[in-house]
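Below are structures written as structure tokens.
Consider the two complexes below, in which chain A is the common component and chain B and chain C are the respective partners.
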Partner chain A sequence: MSLRSPLGEALGHGAAKDGVHHWRVQRLTAVALLPLASWFAVSLLAMPAHGYAAVAAWVGEPWTAVLLLLFVVTAAWHSQLGVRVVIEDYVHGRAMRTVLLALSGYLHVLAAAAGVFAVLRVALGGAA
Partner chain B sequence: MAEFRLPANSRIRTGVTHEAPPGAREVRKLRIYRFDPSSGQNPRLDTFELDVADCGPMVLDALIRIKASVDSSLTFRRSCREGICGSCAMNIDGVNRLACTTSLHDLGREIRIYPLPHMPVVKDLVADLTQFYAQYASVKPWLQAQTPPPPDSERLQSKEEQERIDRPAACILCACCSTACPSYWWNSDRYLGPAALLAAYRWIIDSRDEASGERLDALEDPFKLYRCHTIMNCTDVCPKDLNPAKAIAEIKKMLVQRQS
Partner chain C sequence: MAERPTSPHLSVYRMYRYTLLTSVLNRATGLVLALGLILMVYWLMALAAGPAAYARAAALLGLGVFKLVWLALLAVFSYHLCAGVRHLVWDTGRGLERAQSRASAYLVLIASAVVFVALAAWLLGRGQAS
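Moving on, here comes the complex of A and B:
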């Protein structure tokens, strides 16, 4: 039982002076993903063959590699922002929320790093 | 975690049925949520068969009729019976609305009436709105200005300036919007909810108010403001046809715009 006043509860610890950056970047990455994701899907569908050599040659083209890198990083960033909101919405235990938010951050960085490495390796001819 | 099932002592059981009086002409079944904290029992759903031909046209008329002639222990809030006090907000057939402005003729033969969702229940259809009112108070819903008012008149507004706040200021604090919002259900301990944010917006855009900056500062928070995910149940259910969702979007816009 708490004898704290309802207004005290409502005011809480005040405003965290945060949220605008999240909101802005979430929208900016969404707008960037529209052309990037469309380009990625259309390019895959338009490819004559989907064998390793054909795809590796496509990834090796300079603009393809650059756009793929942007796509991987932007998608991971956007996903991280979205998953963060889901965790904040539904996980109410403070310790559990802190752990999950950190874990989600690490996993997204891992996914982005793996994606970037894969694109670079294929594009720069490291794997034959 | 979010709760997807009611706690054991809140689960609703079947209640008693009050049959229609003999000779009833137009019988409607009202299934009404009943809870008496002093009984120590779970809430139950009572059925009242009511002759609506012998009753006023609105849901509130039916409730008053039941209280007067069937079960005087039925508890609900009401005052103005014309949609301006906001007392009789409740969940009627799954939608938050005012009992006094909801016509029985727009509803089916069976009508389900519950208190406002996801709030502590005081008794029957009366929800505990203490936290809701405290959140409203926390946005300081009054004029704040450093400039003293003119000595011989009130603070003036142009017609256009008044029109900007005319609709947002028409909120009657019935709580239909906030208690229809899933974000408010899951996080009402930290999210202010559409009603309080609409009130904040009403003062932020008031041409006479000089605390817009402080008001925006106080809302710049991932939980107080940004739990709104544009679900728009608030605007959907508002019995005064106001648009809290748009007000919240405008606040978010102002927070971004003042950065660049």
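Moving on, here comes the complex of A and C:
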């Protein structure tokens, strides 16, 4: 038997039974993305040329690789949270909403996995 | 389950209201940035696939029309960045009064325009991007 009061069980969970987790992660990823996204945009703009050799050398630098990994994962996570809210708000059909939410989730995981793999392959020298 | 009222129907709102405009813009720019994420992953995967694949991707991404895509991405990035900072400030409980919120809405529009112009000038001033 639980000693927690019914109120204690309910507090902080809201209608979604998920508490503030979504809200918190959206903010945490947003804060992380301020420097990461700015760094990415400025780095690309500052690069004199975007040929294969130059870009591969850039991605191969240790700090670049680490920051790129963080950027890809954080951006995909933040994007997934944002797209989810938009779908939940504007797609009203239950079936369509479920399908779109799943599709968005799969695509974001795919983007994150591909981005991480690509950066690692270039950085660790496995690229052809 | 019976059809129940659902939220929001964009068409019933007065879109020229700054509160709604800034909110909708933040969501719209976020969705565009999600497409930008796909573009970035495509670019990284081409890089990982080697010089030949990268050259094919670079030929596609270097097309004239993509100049407009990069400009659009810089614009939505600038807005989403500034509007995001506004939201983070709100999250601390500050700036929620009507007058403050109105002022910060204009501040976001102006700041994002400034950031965009700076980034766009940088992009276009790069000469022939390769």
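Remarks
Here is the rule we go by: the second predicted complex is superposed on the first by the 112 of 128 C-alpha atoms of A that agree within 3 Å, B and C clash if a C-alpha of one lies under 4 Å from a C-alpha of the other, contacts with A are read in each partner's own complex, and residues count from 1 in each chain.
Following the convention adopted for this analysis, a residue touches a chain if its C-beta (ideal position, glycine included) is under 8 Å from a C-beta of that chain, and two chains touch if they have at least 3 such contacts.
Since we're looking at a predicted model, the values are computed, not measured.
After overlaying the two complexes on the shared chain, residue contacts for A:3 are found with neither chain B nor chain C. In the superposition on chain A, A:72 contacts chain C only, with no contact to chain B. Of the two partner chains, chain C is the only one that A:114 touches; chain B does not reach it.
Of the two partner chains placed around the shared chain by superposition, chain B is the only one that A:11 touches, whereas chain C remains out of contact. Of the two partners, chain B and chain C, it is C that touches more residues of chain A.
By the touch criterion stated above, A:89 is placed in contact with chain B and with chain C alike. Where the contact sets of chain A with chain B and with chain C meet, they give residues 85, 89-90, 92.
Taken in their complex, chain C has these residues touching chain A: 1, 6-8, 10, 27, 30-31, 33-34, 37-38, 40-41, 44-45, 47-51, 54-55, 58, 74, 77, 81, 84-85, 87-88, 91, 119, 122-123, 126, 129-130. Touching chain C in their complex are the following residues of chain A: 27, 30-31, 33-34, 37-38, 41, 45, 49-52, 55-56, 59, 68, 72, 75-76, 79, 82-83, 85-86, 89-90, 92, 94, 107, 111, 114-115, 117-119, 121-122, 127-128.
Contact residues on chain B toward chain A in their complex (touch as defined above): 1-2, 130-131, 133-135, 137-138, 183, 186-187, 189-190, 192, 217-227, 229, 252, 255-256, 259. Remark: chain A residues 5-7, 9-12, 14-20, 22-24, 85, 88-93 touch chain B in the complex.
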